[in-house]
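Here the chain labels run A, B, C and D in written order, and each chain numbers its own residues starting at 1.
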Amino acid sequence: MTTAALAGLVGAALVGFGLYGLIVQPHPLRKLLAFNLIGSGVFLVFGIVARRGAAAGFPFDPVPQAMVITGIVVAFAASAVAVALIWRLYSETGHVTLDPDAWTEPSRERES
Amino acid sequence: MTFLVDLFRIVAIVVGTFFFVAGTVGLLRFPDSLTRLHALAKADNIGLGLVVLGLLPLTENVLAAFKVILIWALVLVSGGSTAQLIGRALRSGRR
Amino acid sequence: MSVLPFIDIGLSILVVTVAASTIFMQELFAAVVSYVAYGLLLAFVWIRLYAPDVALTEAAIGSGVTGVLLITAGKRLVPLSRTTTEAEPTLTLRVFAGTFAALVACALGAAILVLPDEPPSLAPEAAVAASGAGAGLGNPITAVLISYRSFDTMLEKIVLILAVVAVWSIGTDGAWGNAPAQLRQARPHPEMVFLAQVLVPIGTLIGIHIFWVGADAPGGAFQGGALLAAMWMMAMMAHLTEPPRIDVRWLRLALVAGPAVFLIVGLAGVFMAGSFFAYPPSLAKPIILFIETFMVLSIAAALPMLVAGPPNERPVP
Amino acid sequence: MADLATTTPGGFLLILAILLPVTGIILCFIVGGRHVDRIALGLTPFGLALAGAIAFRVGQSGKPVFYAIGGLPPPLGIALRADGISAVMLVAAAVILTAAAFYAREKFATLDGVRESRGAISFWIMLQAIWAALNIIFVGADLFNLYVALELLTFAAVPLVCMDGRPETLAAALRYLLFALFGSISYLLGVALLYGACGTLDISLLALRVRPTPAVWTAASLMTGGLLAKTALFPLHLWLPPAHANAPAAASAVLSGLVVKGSFFLTLRLWFFVLPALSTEQVAAVLGGLGSAAIIVGGVLALRQARLKLLIAYSTVSQIGYLFLIFPLAAGAHAWSTIGWSAGLMQVLAHAFAKAALFLAAGVLAETVGHDQIVKFGGAARALPLTFLTITLAGLSLTGLPPSGGFSAKWLMLQASIASGQWIWSLPALGGGLLAAGYMYRILTPALSDGKISIERPPKRYQEVIAFVLTLIALALGFVPQSFFDFIEIGRPLAETGLS
């Protein structure tokens, strides 16, 4: 088995674990971690595509690699926006939940 | 001459790797966080130093050699300081 | 016979194990720390895939800067991991999600394994282009990023600006214009200050070096910019410098410098080479380095601002 | 297909249409302060003119317009390509964004004595970013470039949801962000596989190289799944109602009318332009089935909402369902697929204008009476006649009653489903109309009843007029001539082979 195929399987496994976490984990920060796992798995798929495309004296195809670099920066920006939202939500309410109905009747919330 | 240089390289890298292994064993086997930290910081700094020493004859020019030494120096500074910081955090946490 | 296959297999198992532990770890903070370790391990996988440029980016941004972001957030949110109001996921959900995720992963793995035996590639075209009239750069990835896919790269800088505005806009009305909160609230320990004092000047030099050699060797604006960003963050953490107010002119200019210069040079391409984002072949290399210089500046300014978060409600006196 | 990209006359208009709002973002960010609204509003006429010019160019040549960026054609370079549907969408986006901008100009003006305000600078930058992202989506011809545009759209749309900073809007924005990020990453994974299988990401080149292999099928499913999450097609619609209902009125209009159409447009591009070699009846049936479910579920949920804006948001869930009937009704190269294609595009446009008008009118109403509880609207129609005329007429189009674009769309859908022998798709189309009539009736009954409503603030006349004009456009779409339907056929791959 070549390095590229092995890395492809690692990428698939990362996407799988991330997807599971994204669905199951209730905490938004953990969902974000799971999203980042999926993201790096996807980038690995680009990586093996680049490695398989080795030709013309290059050990890799530069186009997918350039895309990964763009993708990593965009994924980081997404994480930063999500963290800012989570943090503001926490400082407003003292807890974090994705359920938008949780604050519609704040009085009841406080009693329970 | 080349034989002596090769021998020096092999010995340095093997001994360096041994220190890494020892440090990792320490990380896994030592009883508490402070001693683990000690094992890791000490052993890895020496290990990396020896590996860098072993790699020096392979470098193509003085600039490359300088870069390799710089890597060791940076790891030394950052590793040492982080170990201090973690140790401090551990002590204040215990109190 | 070489040992490399065994290293590959060991590395793969390690990466997948650490990845799984970020998902299944009980404690939030432990999961975050495990994610950072995972990012570093991933950089090795990238090196094994002959992608030193990506490895540098992954280590600097994917693991380093993202790590600071998540650890800062995780530390602030530690009390929260116990007070979250969400119910624990039910067994049905776990089974469903597990099945679904496994199906997707298997389909993906199978699809990757059966990719065509003669893989299509743009490497020959890129080789011709990088050595020929196109860009005149030794590093094909830099050539692709700044020349062939320059439009993507410019838009991606706009995405960064937008993310910065988005993060700022998540603050309160009253806080607009203030500086973001300190990256580290309490007075830093002397070790931290020492580390920053030693590391920041050296790191800045290395960042500029990585950017400079990026034209011909692994490295470039992204990797160099990320390193400079890390140095700025470290200086702010050690309180060697304060985070700037978000409405100061120099910060705004630094943030838009990359895309703005890119845009202007792109427009100039109409007159110099007859098309938007076209560079006259003889001047391609200096023009690309010129654009990259400003991009380094923008990346070095944008990443710390994204980590620092919305402007602070109570400005530091 | 003679679609291999070399720049055609007028091609530079395409990149200008993208760079104009980008320049606006940069200017707003540097100059900042009190001028942001003036910069953004000042650029709108140019945006409108560019969209009009592109449509004119496409109509005049009768062929798609191309631009190879940097003079570097695909596969290594990135191309832009405007066909009939791109031109129509460019114009629609320009009109709705301009309307929303002028509607919002007072709400997001910087107050006197303030150097720079959070609301103003964020809103105007985000609005222009949405414009830039949509324009790229409409004319982009490179799948990775389109990914960057999708992310740009996400980063622009999410902050608009939580402009007011209340916890429930922050949670809605966070949920929206997570769905959208999942959507983009899933799309990107598909892009990676497609590149691995075909070695290019240019739409026209891909169409020539795609073969039905496992990798391409996996890529297609992943990309479609991601785009559906962003389009909020049932059952991935959960994020949409709270997000769209909590944004400021002008932003809601743009989000509901245009932003969800962006990812829908890419789904169309994917299946009709990239993967015609793949299009099979099963895929079309699945998408049509999900669309039908969305029509019914969204409609039923809309009937049960107490808040006007939530009702309108659920109506969007339902109306998005209609869009996906285009997949079974326009699939393949049949005589009837042209009718299905026309129906789908007409639904996109009619819904965009009617929904934008409805959200803007709801905004006027909420500002005037200080709440948006439907049951407390007694007497509101008398107090705000023009706004209620707008709501009624927009409802007419959503319900699908003549004369309106909504009627044309649904009528064409019925025709296509009967002509193609797939009459099953006419059932959700008709059922959705009944549900829409039901929820519009629920808004209008209390409002038309007698009662005294307390007016907190007098309505702003220009806002009422802007909403009304958008409604009129939605109605006027019911009268478009045949040449319009010929126009949206320009550059459609199957149209050429289908007729021959």
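Just so we're on the same page, contacts are C-beta pairs under 8 Å (C-beta built on N, C-alpha and C of every residue); 3 or more make two chains touch, one makes a residue touch a chain.
Small disclaimer: the values here were computed from a predicted structure and weren't measured.
Of the two chain pairs examined here, C-D and A-D, it is C-D that is joined by more C-beta pairs in contact. A straight line joining the Cα centres of chain A and chain B is 33 Å long. In this assembly, the C-alpha centroid of chain B lies 28 Å from the C-alpha centroid of chain C. The residues of chain A that reach two or more other chains are 15, 32, 45, 48-49, 52-53, 63, 67, 70, 74-75, 77-78, 81, 85-86, 88, 97-99, 102, listed in rising order.
Touching of two or more other chains is recorded for residues 76, 144, 148, 151, 155, 158-159, 162, 165, 170, 189, 193, 195-196, 199 of chain D. Residue numbers of chain B whose C-beta contacts span two or more other chains: none are found. Of all possible chain pairs, the ones that touch are A-C, A-D, B-C, C-D.
Here chain B touches chain C in the complex through residues 70, 74, 77-78, 81-82, 84-85, 88, going by the rule given at the top. Within the complex, the chain D residues that touch chain C are 7, 12, 15, 19, 22-23, 25-26, 29-30, 32, 67-72, 75-78, 115-119, 121-122, 125-126, 129, 132, 136, 144-145, 148-149, 151-152, 155-156, 158-159, 162-163, 165, 170, 189, 193, 195-200, 209, 213-215, 217-219, 221-222.
On chain C, the positions that touch chain D within their shared complex are 107-108, 110-112, 114-116, 119-122, 125-126, 129, 134, 144, 147-152, 154-156, 158-159, 161-163, 165-166, 168-173, 175-177, 247, 249, 252-253, 255-256, 259-260, 263, 266-267, 269-270, 273-279. Interface residues of chain A, counted against chain D in their complex, comprise 15, 22, 28, 31-32, 35, 38-39, 41-42, 45-46, 48-49, 52-53, 63-64, 67, 70-71, 74-75, 77-78, 81-82, 85-86, 88-89, 92-93, 97-104.
If you check the complex, the residues on chain D that touch chain A are 76, 144, 148, 151, 154-155, 158-159, 162, 165-168, 170-175, 177-178, 181-182, 185, 188-189, 192-193, 195-196, 199, 242, 246.
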